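Next come two complexes, and both contain chain A; in the first it sits with chain B, in the second with chain C.
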Partner chain A sequence: MVSFIIRRLISAVLVLFAISVMVFLIFFATPGVDPAARIAGRSASPAVVAAVRASFGLNRPLPIRYLLMMEHLFIKRDLTSYVNPNTPVIPQILRAAPVTLSLVLGAALIWLLIGVLGGVVAAANRGKFIDPLIMFVGIAAVSVPAYWLGEVVNYFTQSRFHSSVFSWVPSSGYVSITTSPVQWALHLVFPWLTLAALYAGIYARVLRAELVNALNEDYVRTARAKGLSERRILVRHALRCSLVALVSLFGLDFGALIGGAALLTEVVMGLPGIGQLTYNALQSLDLPVIMGCVMYAAFFVVFANAVVDVLYALLDPRVRVA
Partner chain B sequence: MPDDPTSTEAVLSVRDLKVSFATRQGELRAVDGLSFDVGSKEVLGIVGESGSGKSVAMYSMLGLVRDSNVTISGSVKFEGREILGLGDKEMQSVRGGDVGMIFQDPMTALTPVYTVGWQIVEQIRAHTDLTKAQAKARAVELLGEVGIPNPQRRAGQFPHEFSGGMRQRVVIAMALSCNPRLLIADEPTTALDVTTQAQILDLMEKLQQSYGSSIVIITHDMGVIAEMADRVVVMYAGRPAEIGPELEVVRFPRHPYTWGLLGAVPRVDSKNTRLVTIPGVSVSPLDVPDGCAFAPRCEHRMAICDERPALLGDGEHVDACWLSDAQRVAIRSGSKTSGGRP
Partner chain C sequence: MLRNQLTRRIGVPLAALAMSILGVVAVAPGSPAGASTSYQSAHAGGTLKLLATQGSGTLDPQVNYTLQYWQLYQATYDGLVSFQKVSDAASFQVVPDLAVAMPKVTNGGKTYTFVLRKGIKFSNGAPVTVNDVRSSLQRIFKVSNPNSGSWYNVIVGGPACVTTPATCTLNGGVVVNAATNTVTINLITPDAEFLDQLAVPFGSILPSTAPTKDAGSVPIPGTGAYKFKSYNSSTGIVMVRNPYFKVWSAAAQPQGYPNEIDMNFGATVESEVTAVQNGQGDWVYDPLPSDRLQALSTTYAKQLHVHSLTANWYLPMNVNIAPFNNLKARQALNYAIDKNAAIKLFGGKLLADPTCTILPPGFPGHVPYCAYNKGSGSTYNGPDLAKAKALVAASGTKGDAVAIVVINDSVNSAVGQYVQSVLNSIGYKATVKPLSSNIQFTYIQNTKNKVQISLSQWYQDYPAASDFVKVLLSCSEFHPASDNSINMSGFCNKSLDAKMNTAETLELTNPTAANALWGQIDQQMMSKYAPWVPLFNPKQLDFVSKRVGNYQFSRQFYMYVDQLWVK
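Coming up: the complex of A and B.
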């Protein structure tokens, strides 16, 4: 098991390296604007531009340029935005990351709870009235776009009923958990619910399908023949075997959301997270920021997948041998 | 029937069991009037081709048929107590506790994510008050009894680390874990290769003697019947065609369907001949004739076969056919094509 984890981590590092090379090549080795001029700023003197060119090795071979770029980005951390020459890339990402992490972690807890509960209750009551009801609510949640749901939620909590029922809801924005945990949670409650709705719907539906499949498996018949209770069969046998599918789905979703896929929710809810940062950088073709965000996103996607693979091996003994 | 329904000797006593499913095409009669007894320490073989209702019959009496469209009627008494229509809780203590089950495909019968030891312990703990450690020790002991080498270590392994035959041994160990008075084996050797089949049958015979359980073995393999069974129920289209002691049914089969079944067993000493089959195809359970179910395929069909024949015969050996004894003797001595052993 330990060697499996180590092998998995090594391959994750290799994938990250490959991604960083690709991103660098796409953004800084393709013909276009002179990076030195952009990094130096709009009204920089020729001497400054020359200094930047030397510092980034822009007249040297590609591998050296790659290494110098990574040094400026990660080690010296003085690679600045094209648009705001005085703001370095890494601190911007470090400021945005906690916002996104707070949003996605909280939402993930909610959607896992609701999704698993919904899926299990629907599967346990298949054929009865409650099963199609849960599945209908699920498909409705999946079908509603996050930006629309977010706007509706904002409309009710921020204006329509803000003076009555929702007077406790603070105006949109983000408060750091270190500043005030209560304010942090209050600011995030509705963004969490908005983001979680879609995924809770997906997870409930996927889990129900997996459970119904599992309940038709021979091992469930064996479990019944053993005289186990229906609840135990559902939870310890069917659900336990269905978790594998859910975990792989969760890894992909979680990694992508942390990486910036929560953009719509962030924008609608006024949260300055990674999604917004990436979106703004793309709007102004701010290559250093885009590169930073892409590599940050790649890190979480790759990391989440590595964790999923390890969880897989823990959940399914058949994977461990491979 | 030889035993009257109040017989105290019978471990399992089934009377007029009917299982039908409501489907879009109409009523599907999977089991249609099945009655038999299983005596103490007796091995009863139920034989029939696929779809003859032999598995459904056993599953339905234990509440393992969970289709909401199913209708089950009749009477099933386990040690004198009616178990058809028992509540969930009571049925759970019958299943796995009083009645152990062995299934056809050992490759899929175990939950893939738990060790085999864990799965046996789970069953023991569901039916007894043993502690975890005691149950664990019992599980290891059981694995040893069913011939798994190094049971202590093997108990900690997962199903995928066992071969098919070894997994079937695990399933048998599990079925026996709570000292059941009745063991139901649903085609326990069908999914195994021939040498493993023989080992598993030997094991079941040995364990049957040491545990003293009665066994109902469901199979389509006359060889398994000859090896294991004391008595045989031959089923066709959900109905019993012939019931009798194993030796009599195999040596002196009375029903034309049994003739066909026995004739269809391939013989090692007759190479280069076509395999013998029963002409025609099995009737659809949606469309079982009101009369004799086998009549459409029967070479000896008569006008009266439109009426359903009763199970009649002398003593323990009964069958459902309108042919008279004289007709049977004439057919059996005259014809070689419709099978049976000489």
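Coming up: the complex of A and C.
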């Protein structure tokens, strides 16, 4: 078991290394991307470009530049942005992380609540009108892209009905929970709902399918034979088993979202989280920030995967030799 | 000049928009020049909330080269001289700022002597001394200012500073005398634009204690009516009143109105517009989205302000590779393009004017002229497809493949597709190559990418003809195989270069004659060589909140943020 965990961690580190090399190489292979030309500014003379190139160490060979960047990112931890000099990358990520965490935690609560409730109600009412209705709403929520839904929500809350029903909605942005818990929640209500819509839809559908399977299992028949109520069977027996699939799904989704997969919601809702930081860094081709964000996101995804794998191995010995 | 986003105007021609903007145009220029009128303290106070989708890099005034921050520097930093802070055309005038008067120019235009004002303090309380002036001029090189190698290297000692910035002294170039409070700047050659170059934010006077490298997000104290309190490149900027500021010249640095000026980042442009509509924000920096223009121009007409810009949208053609290495092919496209069609794609004729010249109207040296026109006349009448087709046939380039490289946003792509259709109609096999706005500008400059034709924009740095003609089309600005080669056409003509040098020299003694010569160069460039297809001169559209008053527009730095009333 220990050797499995070690192997799994080594492969996680290798994946992170490969990702960092790819980001680095793709960046420098893109034509028109020369950071020195961009930093030096429009119509800078060749001598100025050369001076800038030297001061940013961009005249050194590619592998050296890669190693230096990794040294600044992971060992010295003082990597600074190309576009905003003197702005270290790591504090930017640390500042953005609570925003993303606030968004994803709140949204996760909502989608778990709605998803589980929807899945259970649909499974319990198989064949009745309400089941396809919930499943239809679920598929609609899954199909609507977050950037579109977000803009529509913005349109109704900030513009169309802002003077009437939604006058309490503050303008888009973020207020930290330590500044004002009420404002924090008010600013995040609609971003939470927007982000939660997609996942609530997925979770409701997944859970319903799992429940329907579980309800056909032998142990459910046994429970029924024992004379337990349908409600007790559904909640205490079928749901408990079905939640296992949901939990592993949740682990991966949560990891990816914390890592920046909520990018679209953050950009549309004006939340300065990891997603928006990544988006802006891509917009301005700021390699150090892109690298920092990608490594941060990759860490969460790879780490979440590794944890899930290790947990699976603990549960199922067959996985350990695979 | 670099704009954070090079595409400033987006739109679909709408009759309603046109009608209502006509009304706006009648309103906007009528606003009084507040800096020249007396200060109205009843309107002082409050917090002005500016909105931008994102920040624009370093806050260092000697490094940042974007309109977004140059606009804010007007209220925070001063040079020895600066552009006059009044509305419209007079804003192109350079006036003394930290200097008592305009400098005494001697030694055949090579020596500038300034007398520094006494009693002015930086926002950290330190007095402004001649040593600060010297260190600020050295600092231009130490921080590798974008134009240190193209503007400021005219100072004696400048070229050495460009190659080894760290040890820059400008010995013999900048001589200060603390007893007489004078600063003498010696130039290698006379330079008629030197004062313009000192008047832009790069020439800001900063404390000698300022870091000798790009200060990035750490604000440097200045002398303006405001100081930067905080800067976070992902959330925003806060500017508050400079406690040490007293008006010494309202034309150079007037007292501002709001107590605090915030610029918040992070929202999409759509939410910014909504916030201004709702009164949660006061002004949108970014180009207004096309789908909102109609609503804005009908419901919020009084809050919109339209102003002509000295800027150009143009199609640079690469004169060194086929088919545009053939003059007739370049002339053919000049005849074939319907500039009004491009303007329609840009947002309609009230957001831009067609142009046939390199210099924009209202700019020194500009002469109304149109070499490639339907019929004759100095104003643009429309395309002449018959002539265009004949020229393509005569050039022998018919059937050549042409790729036009454009930014991938809606307006640039639409104009690109229009140019593609024109190229096809005169006998080429054209394709559009859309690229991310972050890459396109440097991509089209590099000869290694073999770009035949592209769509680009140029916004003035300061009002001098050379800033268009020489910067964009002289031999010295063409650097093969570099992402920094602003002469995208790769155009290099020795005799026109010589004329440009003559015109620059003439500017020192006879500006009128010099401007006439720049006008001739512009005409010759277009009629004999046609390295570009000039398309149109865009206009600036500002949307402010209902509570904002005293809107004033500088042709040099656009809206004066500090002159707005929020009370």
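Definition applied: the second predicted complex is superposed on the first by the 227 of 322 C-alpha atoms of A that agree within 3 Å, B and C clash if a C-alpha of one lies under 4 Å from a C-alpha of the other, contacts with A are read in each partner's own complex, and residues count from 1 in each chain.
The rule we apply is simple: a residue touches a chain if its C-beta (ideal position, glycine included) is under 8 Å from a C-beta of that chain, and two chains touch if they have at least 3 such contacts.
Just so we're clear, the structure is a prediction, and the values are computed from it rather than from any experiment.
Q: Going by the contact rule set out at the top, does A:Q276 touch chain B (first), chain C (second), both, or neither?
A: Second partner only.
Q: Of the partners chain B and chain C, which touch A:V48 in the superposed model: first, second, both, neither?
A: second
Q: Return the chain, chain B or chain C, that is in touch with more residues of chain A.
A: When the residues of chain A touched by each partner are counted, C comes out ahead.
Q: Using the superposition on chain A described above, determine whether A:A225 touches chain B (first), chain C (second), both, or neither.
A: It touches chain B, and chain C stays clear.
Q: Hey, what residues of chain A end up touching chain B and chain C alike?
A: On chain A, no residue contacts both chain B in one structure and chain C in the other.
Q: Show me the residue ranges of chain A that touch chain B in the complex, using the header's touch definition.
A: Its residues touching chain B are 127, 217-219, 221-230, 236-237, 240-241, 315-318.
Q: Taking the complex as given, what residues does chain A use to touch chain C?
A: It comes out as residues 30-34, 37-38, 40-49, 51-52, 55, 80-81, 83-87, 92, 95-96, 151, 154-155, 158-159, 162, 170-174, 267-268, 270-272, 276-277, 280, 283-285.
Q: Under the definition above, what is the set of chain C residues touching chain A in their complex?
A: Chain C reaches chain A through residues 1-2, 54-55, 57-58, 60, 63, 65, 144-150, 153, 162-163, 165, 213-218, 233-235, 264-268, 270-271, 274-275, 277-278, 280-281, 435, 438-444, 446, 448-449, 471, 477, 479, 482-484, 486.
Q: Mind pulling up the chain B residues that touch chain A in the complex?
A: On the chain B side, the touching residues are 62, 64, 68, 88, 92-97, 100-101, 103, 105, 108-113, 122-123, 126-127, 158, 160, 171, 174-175.
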